[in-house]
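The following pair of complexes shares a single chain, chain A, combined with chain B in the former and chain C in the latter.
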Partner chain A sequence: ANTLRLYLTCIRNTLEAAMCLQNFPCQEVERHNKPEIELKTGPELLLNPVLICRNEAEKCLIETSINSLRISLKVKQTDELENILTKKFLRFLSMRAEAFQVLRRKPVQGYDISFLITNYHCEEMQKQKLIDFIVQFMEDIDKEISELKLSVNTRGRLVATEFLKQFI
Partner chain B sequence: MAGHAGFVEADNAEAIITRIEHKSRKIESLLKQYKPVEALKTALEGSPPKTRDERCKSANWIVVHRAIMAIKDVEGMFSSLDPEYYDILMKYLYRGLSTGDRPTCDQCLRIHEKLTERAGLGCILRSLSDTVNTV
Partner chain C sequence: MSAIAVHQFAQCITCHAWSPDHSMIAFCPNNNEVHIHKLVEDKWERIHVLQKHDQIVSGIDWSIRSNRIVTVSHDRNSYVWNKEGADWMPTLVILRLNRAALCVQWSPRENKFAVGSGAKTVCICYYEQDNNWWVSKLIRKRHDSSVTSVAWHPNNILLATTSTDGKCRVFSTFIKGVDTRGSGTSSAGDTKFGEQIVQLDLSFCWAFGVKWSPSGKTLAYVGHNSMIYFVDEVGPAPSAQTVAFRDLPLRDVLFVSERMVIGVGFDCNPMVFAADERGLWSFLRFLGERKISSSGAKYGSQFSEAFGKLYGQSKHGISNDIGEASRSRGGIHENCINCIVPVKKEGQSTNTRFSTSGLDGKVVTWDLENQGDLSEYL
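Moving on to the complex of A and B:
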């Protein structure tokens, strides 16, 4: 639990420093405004990507550019069941990315879920609240997945008991 | 100018690696004398910022890693470490965090928290934005 606190503090501090976004219209095409972290049109617009690992299984990749910031998370998955649950649950969330605004529809290759924060989000919403949201999300994900796993196991046990009663 | 830099690097790579080996011997002796802070200072001092050579950077990283893992008392370390080393220490901490190795990450996370308290967000931002002197 102590490493979790340190891990989240590190991510929070890095995000506070990295979330320095400003509007930057596209340099190549007139009247276009694209998130530079996704398109990577020029090396001068990008900062060093930072990978923060808690252990071999959990990590967080933070990539910043001049007008956008991408956070990719890999959630801890200890067994096959958690693997499937995580994939399904996060896919469910990603499909509803419109509602979340800062969520990305597809996670970056090698990660479970990704957030894309642009300068427009920073203008409309408070930076601190955005960071709180991301950190809260990371805390809640673990709880959600363990709750799901517990309910799946309970349901499985009940169903199996009922089914096998007929053979007694 | 890029060509000239290329030549300089080819000659210096060997020199730098020899220097790093000297440094690592010195650090081993400092660690034996239970002076982890001095060891860390020595490790951070001669960091070759201008080389593009991955081997020099990896060699230096190994040395710094050894010094970082040997530190037990983080608070005490900061009271004796000069502020000029904060930026370069932050860069090495992020390199440590990217390795994914559990004890390294634990140690780096611990030091990162204290270093941010000391040096502030500017230190993090300098390590993010410095694309020239990477570690």
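Moving on to the complex of A and C:
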């Protein structure tokens, strides 16, 4: 729990520095405005990506550009069951990415879930609240997965008990 | 408190400019229009809407003597608006740009204006009487990336530009027929149009917000790496000072006097930089009050409750009853400040008033009159 606080504080501070986005029209295509971190049209518009690792299993990659920011998370998965639960749960959220606005529909290769924040999000919403949301999300994910695992195990036990009762 | 007027004009303001008598303000509310508001008996009323652009208007400048507004937009166009009777009539500007225009500024003598663009070029436009339009001359092949900001030297010939390739360049924009040779500094008069006088490679990150001091002796610009650069004696042997500060990067600067610069940016609070008697620049303080951000969140963790939180999380400024994690950084502005404009009468070299506008849609006018510790720098 101690390392979780430090991990989240580190991510929060990095996001405060990284979320300095501004409206920037595309240099390659006229009249277009694209998130530079996704399309990478110009190397001078990208900043160095920052990788924050809590341990080998949990890490966070923050990539920034002049008008957009991508945060990719790898969530702790200790056994097969957690693996499946995480995948299903995060896929459920990612499929509903429009409701979250800042969520990316597919996670970046090698990670479990990704956020894409553009300058438009920073104009509509407050930067501090966006950072709070991301950090809160990270805190809640662990809790959700362990709860899901608990309920799966409980349900499995109940079903098995009921099924095997007929053989007593 | 040095902020003397705060007004929320729109949800988000891209840029703004004041009329010569400061009774009207023109701004872009983050769309393709320019709104002009007038102060009528202590209330701001919208009197005009200039609608000619197709995309967001990225730069507005209002000339003081000739009362003309120039607007540039991401749709590669620019218009010069003249007041005829009660309406503003647009005049076409042949910019010859093939990418978005990012910034614009009238020259001190208001016979030219400069436009920085995403096409890695700078357009210098002047009026051609015969055809009744504004024609441009382009400075090409000098910048490696988009030109984010332009600033005219008081001699009407030198132009400083900053770009996302991290460099600040000074060019000569002498145009035959528009500028007169000979008067003033000889060095500026000898150069051709588009000739690069000096290239400053001080920043390793994007450069924004360049401005000359009132006399033209010093040049200041900011880099996205939270640094501000001051350059003296711009020419063959410039001397530069860099001031690094520990807060978020700046977006724009303004010379209030020869020895004081106000910087605005992602901290939502204007920063004061001043030079002491020896000419060494340093960060003095923030202008507005600061609230310290604190972290720490409380949370419940039932499945449905979490879902409700994730969906209805306070992204829009409504406070969450579970726990407020952090406060906003700045005092008066709630979001990034991206434009700072002097509010001064023509002819004065020092002004104590300036206005800032930002992504929170507010325009705040500041006055340095009653700031005791700053008066020695004015």
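Some notes on this structure:
Rule of thumb we're sticking to: the second predicted complex is superposed on the first by the 168 of 168 C-alpha atoms of A that agree within 3 Å, B and C clash if a C-alpha of one lies under 4 Å from a C-alpha of the other, contacts with A are read in each partner's own complex, and residues count from 1 in each chain.
Convention: a contact is a pair of C-beta atoms (placed from the backbone, for glycine too) under 8 Å apart; a residue touches a chain by one contact, two chains touch by 3 or more.
The structure presented is a predicted model; accordingly, all values stated were derived computationally and were not measured.
In the superposed model, A:Glu147 lies in contact with chain C only, and not with chain B. Taking chain B and chain C in turn and counting the residues of chain A each one touches, the greater count comes from C. Applying the stated contact rule after C-alpha superposition, one finds that A:Ala17 touches each of chain B and chain C.
In the superposition on chain A, contact of A:Thr3 is made with chain B only, not with chain C. In the superposed pair of complexes, A:Asp79 makes contact with neither chain B nor chain C.
When the two structures are aligned on the shared chain, A:Ala99 is found in touch with chain C, with no touch to chain B. Shared-chain residue A:Glu30: touches chain C; no touch with chain B. Of the two partner chains placed by the overlay, only chain B lies in contact with A:Lys59; chain C stays clear of it.
Looking at the shared chain after the overlay, A:Glu139 reaches chain C, while chain B stays out of its contact range. Contact with chain C, but none with chain B, is seen for A:Met125 once the two complexes are overlaid on the shared chain. Taken together, the two structures place residues 9, 16-17, 20, 47 of chain A in contact with chain B in one case and with chain C in the other. Residue ranges on chain B touching chain A, taken from their complex, read 94, 97-102, 105-106, 109-110, 112-113, 116, 121-122, 124-125, 127-131, 134.
Of all residues in chain C, those touching chain A in their complex are 11-12, 14, 30, 54-56, 58, 74-76, 98-100, 102, 118-120, 144-146, 164-166, 205-206, 224, 248-249, 251, 265-266, 293, 295, 297, 299, 301, 303, 306, 309-311, 313-317, 325-329, 334-336, 338, 359. Interface of chain A with chain B (complex): residues 3, 6-7, 9-10, 13-14, 16-18, 20, 43, 46-48, 50-56, 59, 64.
Within the complex formed with chain C, the chain A residues making contact are 9, 12, 16-17, 20, 22-27, 30-31, 33, 42, 44-45, 47, 66, 93, 99-101, 122-133, 135-137, 139-140, 143-144, 147-148.
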